[in-house]
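Dropping the structures in below, format is structure tokens.
There are two complexes below, and they share chain A, which is joined by chain B in the first and by chain C in the second.
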Partner chain A sequence: MKSVIGLLLSFMLLSTSLFAGGKQEVKKYNPDSPVTITLGGYGDLETAYKAVVESKDFKSKYPNMKVKFVTNDFAAHHDRLTTAIAAGKGAFEVEAIEIGYIAKFVANGGLTDLSGSPFNAKDAVKNIVKYAVSNATTKDGKIIAVPVDIAPAVMFYRKSLTDKAGVDLSDVKSWDEYIKAGRKLTVDKNGDGKIDQYALTSPESVWEIPLNGGKGGWFSSGGNVLEPKERFINVLNLVKKIRKAGIDADLDAWSQSWLASFKTGLVATHFSGAWWGGALRTWVAPKEKGDWRVAYPPGKALASIGGTYLSIPEQISLDKKLPAWELIKYLTTNPAAQLITFKKIDAFPSLTTIFNDPVMDEPVAYFGNQKARKLFAEIALKIPESSVSKYDVIARDIWITAVTNVIIGKSSVEAAYDKAKKQIENRIQ
Partner chain B sequence: MKMNQQKIAPYLFISPFFILFFIFGAFPDLFSLFLSFTRWNGMSKIEFVGLKNFIYLVTRDDFFWKSLTNTFFLLLIGSLLQHIIALPLAVMLDSKVLKGREFFRTAYFLPYITSTVSIAFLFGYLFDRNFGLFNYLMELAGLPGIKWFSEPSTVKPAIAILLNWRWIGWNTILYLAGLQSIPGELIESARVEGAGRYAIFFFILLPLLLPVIFFAVSLSIIFGMQLFDEALILTGGVGGNPGGVDNAGLTTLIYLYTVGFRWGKFGLGSAVSWVLFLIIISATVTFKKIIERIQH
Partner chain C sequence: MVKKRSAGHTLLWKVSGTLKYLVLFGVSLIFIYPFYYVFVLATRERGNMFKVPPPFWFGHGIVDNYNSLLKNLPFWRNMLNSTGIAVLATFTTVIFCTMAGFAFAKYKFKGENFLFNFILVTLAIPQLLGIIPFFKMMVWFNWLNTWFPLFIPTMANAFGIFLMRQYLAGSVPLDLLDAARIDGIGEFKILVKVVFPLAKPAIAVLGISTFIGSWNNFFGALVILRDKRAYTIPVALSSLLGIHNIDFGAIMMGTALSLVPLLVIFLFFSKQIISNLLAGSLKGVAR
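Our next item is the complex of A and B:
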């Protein structure tokens, strides 16, 4: 008798848990239930997202969702997230991740797989720029974050300076052609024997362009470091050639002199992601409105320099994951939200459906009424997908040392390449 | 009952410190010691690897060795040599004939209480190639401007200039406190006996200041070996080329941070911290022995 009762009880418990499990699987976000979601971010993301969640459309769709922001500086934000994931506690419902850090999380885990039920991110991301999605996808197809903004790389140049030098940078066919033009742009304007106009700030600002912005591609399909060799050697030769040509002002990135060079006319060109246009317009060189232009980098090289992803840490409970996912979906796939973000902080949209929006066709006053956004969109659609690995950040850090050593003449191209390769191999074992 | 309460009471009173110490002091230390024998990226399972991290650091990690060399060099020119300046400054400040001593004391101490990050940013401006004060002064003196952070050879001197500016005042105040604890009668009677200013300094003040020198230099060793913020901000912060051009400003703590937080190797990072701890302990004990030998 006892065994029969035990059997019945076990059956009841099993069926209850099965039903409960089944119920959990089909759980959906309930818009009627009040919820507060915290978004951990960096830089000026909060400015943009705050405007989005305060929009009428968001409020009507999510009347009971309150969004709080915790903003840190760039490095502190990613350190906090790393620590919170390691500790298994303390992460916010939605966490922003910069593209340079995404490979680490793709490879190491800690973030929710959004590709499966109940999120089904594969559907949500179908209109998002492909290369950006692939950077946040694991080898077995898990999507761990969704791109919210991207940064196709372009060449920025000052029209007044190129016109004066008699060069046209709107369609530079190769790096050699760029260097040739750079020689004409490097001039002693007042005849005091000192050069007071250069083509660019430093060769260091160039290396990312031929290497897809350093996003993936550090390892060959066979897992070999810095392969194919020619690709990397060419980059080292390029930076060496630029320095040898004497066309760079040799300025440290983000120093006072470096920042000033974009308004004083010390440099005529710069390579960066689309976001740099916003920086120029708002605080780096606002008075130079109408003089800066954008163009494809030499040889129509395709790269992305910057970009943001939104993710949900694994440690978040399902109750909170569901509204968090709604917020991510809204910020990444709602055209109005993407446009607000773009207008507020110049973070270029990741959503391709708005690449045909009339706003993309509008002339941009800062760029002399050039249709710059169209160019950003065109490049974004062409950037190839690349696979990332957990060692990307190590490879990148060591590679930059190799680049700077070639620039300052401390190492030959071959020696710098060999040393970097050896150091990376030594690190990843 | 009362006896029991009396027995427990002291422990209850001191317990807040120990509770906090165990949570925020002992536990992280012990956990990092445990981690130093493991491989862990912060998200994966912790894998025990024995002494592998330590062996790797010592035998194959050229970044670690470079960071140690940089740190020792900066310790010497940025933290230890300044004592030669701080001590005479303290003697001058202790002089009764000096007017405005209070002002000088405050002025010397000000850099110590100012935020490290603000100082590092400010010095970033001062070292600027074209607009910086240092290059302006060099140009006035007819010397060519220096590309402080573009050449490996000038990175460490630049960091050392900041360190000296920041810590000389702190050490001066320490020595001043030491000088003021020396009985005035000793100096007075030496003067009566005919001792000159230098004789008083070398044969009376200096020997009596040895415990203070030990304290001040030990602090310099401890802080100097853990140099982080100043070097990190001046050499371009986090992200690529750790420690700036040719890793010339890569200190051991920047390396630890890079390995742990940026490269996701918490096990190796923890091993770095424990090796650094052993080095600091050894350096301090060695210095103590030297001082004891001088005293005897």
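Our next item is the complex of A and C:
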């Protein structure tokens, strides 16, 4: 009797392992199987992606895939995702991540490595802007998210104000040249003794440009913090010079007066990612259509400020990961999907194959018929690659304090640098 | 004998009185202005909102902002969620905290002090520290996207128990409870018929703080509620904050409308607090 039971158990174990083994081999998305994928996002991504998944092309390719959206504001979305990842439960199948948070997830894990089988993201991202891919790639080559939109940094300026001041900002060779032009742009227009036009809102809006948007680069190849020193000292000197020149309006970012300054003419220039053009056009300064222009930042500095990535949390089961990956692939590598996103919310495409699309050559009425998109694409292709490290968030936070202390005159450049370096070293030990 | 005031004194008294009211009026303006400003912005067109100096008078965008709000959110459903959760949280917190506070204030039992001190210690633990275990438990209970996690775990909370215990210890005389017992009233009935009426001022304080706390609970609702129809007002309104395109008109309209229930509740409960406190002071409640 015992041997019969033993035989039965062995048979059951064998069949279970065979069944399980067989199941593991099925690592392909089955388009005939109905599935619902939820995409957790922020801001207005839902507006764009909804239009994509409602398109005829998507429906024909994925007739049985239903996509739901859960949207929160920028910070809240990342807080929710962090909680769900820390808890190991409750994340959605696809989660959007802003570039500023990528380093945090590189550090803490919790996202699926898409570079390996069955996703093979390395093939999928071959036509995606290189620097953006590198920002979501760990040092050991794991791709934890795929860029869906990017934000090459440009200098926005108001043509009417620069013309009046007699300066040309279309090709500024250096930061010194920018400051010189900034002095001409900073004027008391009505002669009441008060300055009512400045070059820019605050030196704080500048520091990211020479540091590649603060994405990576906080450590030298040898692992030393804030090295090479000269690179960081130059940035602190730059913000100090700008404040000393008196060309900034000293406005807090996103305050009422900061927002108003872009339409009242209080500021003549601004440094930001390409997405800022959409904000200017739709709600920040819609009536100033035709007056704003875009140009390379001074000295053709290359940086990115913003950008969205799509990821799959590790906690998601494989049968959901496969359709989730299909959705990510469609949103990031399908030219039509990328163009829909661009047209809907001004999120600049990450897919390089559409940089030659006629839409990139179209003059943009808001920028005085300038071919602004061409410039965004040109800059995007030149931004250097850099992989993020798990300590980037710490380094960035401490660095911002150093920048602020130099601007307000609380620290000298050297002292601020030394203090920041020590603080970062202490934190990562 | 009452001394007659001289003309100079009367003038001084009048001037100081006027000054006092002017100062009070100025201070009250500081508190009222943000509310007023929300209502002003709710009526202004989006492109006409951010100006220096800020706009002080109402605009013509009220209908557009309202329509935009309803286009982007199931707003009244979100209001229902917020109201339902806040009412349930207030009702259950008042019941359970009063029961626990009454037990700690008027009953002697083994481990009473240890238990009370243990509850007090939990006040010192930042809520955010418990968010991950809380979230895991809610997933385990299968309570995600339901109202339960937003009022059940806080029904008997440390602050409420402490508040009710302190109030009941000083305001409900033991003789009164004994008299009720002699009359043959059971312990639960004593709680309902004697303790609750006497605890009205503390209940009003607990009620108002719980309602406002629940209404403004952002993080708890954010991690628990998973779709637009289930959102409470703070989470729903924050979801309108885009990056490329922010509809401040809709956000301000939603904020203004969501202030109304809070103001009503505050006016109702604050009246209760003041009237009951005054009643207590005049009657000289026995200890």
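The criterion applied here is as follows: the second predicted complex is superposed on the first by the 406 of 429 C-alpha atoms of A that agree within 3 Å, B and C clash if a C-alpha of one lies under 4 Å from a C-alpha of the other, contacts with A are read in each partner's own complex, and residues count from 1 in each chain.
By our rule, a residue touches a chain if its C-beta (ideal position, glycine included) is under 8 Å from a C-beta of that chain, and two chains touch if they have at least 3 such contacts.
A quick note: this is a predicted structure, and the numbers were derived from the prediction, not measured.
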item	value
Partner chain in contact with A:Gly43 - chain B first, chain C second, else both or neither	second
First (chain B), second (chain C), both or neither touched by A:Arg396	first
Chain B versus chain C as contact partner of A:Ile233, first or second or both or neither	neither
Chain B versus chain C as contact partner of A:Arg80, first or second or both or neither	second
Which superposed partner A:Asp250 touches (first chain B, second chain C, both, neither)	first
Chain B versus chain C as contact partner of A:Gly100, first or second or both or neither	first
Partner chain(s) touched by A:Ile195 [first = chain B, second = chain C, both, neither]	neither
Touching partner for A:Ile345 - first (chain B), second (chain C), both, neither	second
First (chain B), second (chain C), both or neither touched by A:Ala415	neither
Common interface positions of chain A, toward chain B and toward chain C	74, 79, 83, 86, 256-257, 260
Touching residues (chain side chain C, partner chain A) in the complex	46-47, 50-52, 54, 131-132, 135-136, 139, 144, 218-219, 222-223, 226-228, 235, 238-248
Touching residues on chain B, where the partner in the complex is chain A	41-44, 60-63, 124-125, 128-132, 147, 149-152, 236-242, 245-247, 258, 261-264, 266
Residues of chain A defined as touching chain B within the complex	74-75, 78-79, 82-83, 85-86, 100, 104-105, 108-110, 250-257, 260, 390, 393-394, 396-397, 400-401, 404-405, 408, 410, 423, 426-427
Chain A - residues contacting chain C, complex	38, 42-44, 47, 68, 70-74, 76, 79-80, 83-84, 86-90, 256-257, 259-260, 263-264, 266, 275, 278-279, 282-283, 286-287, 306, 345-347
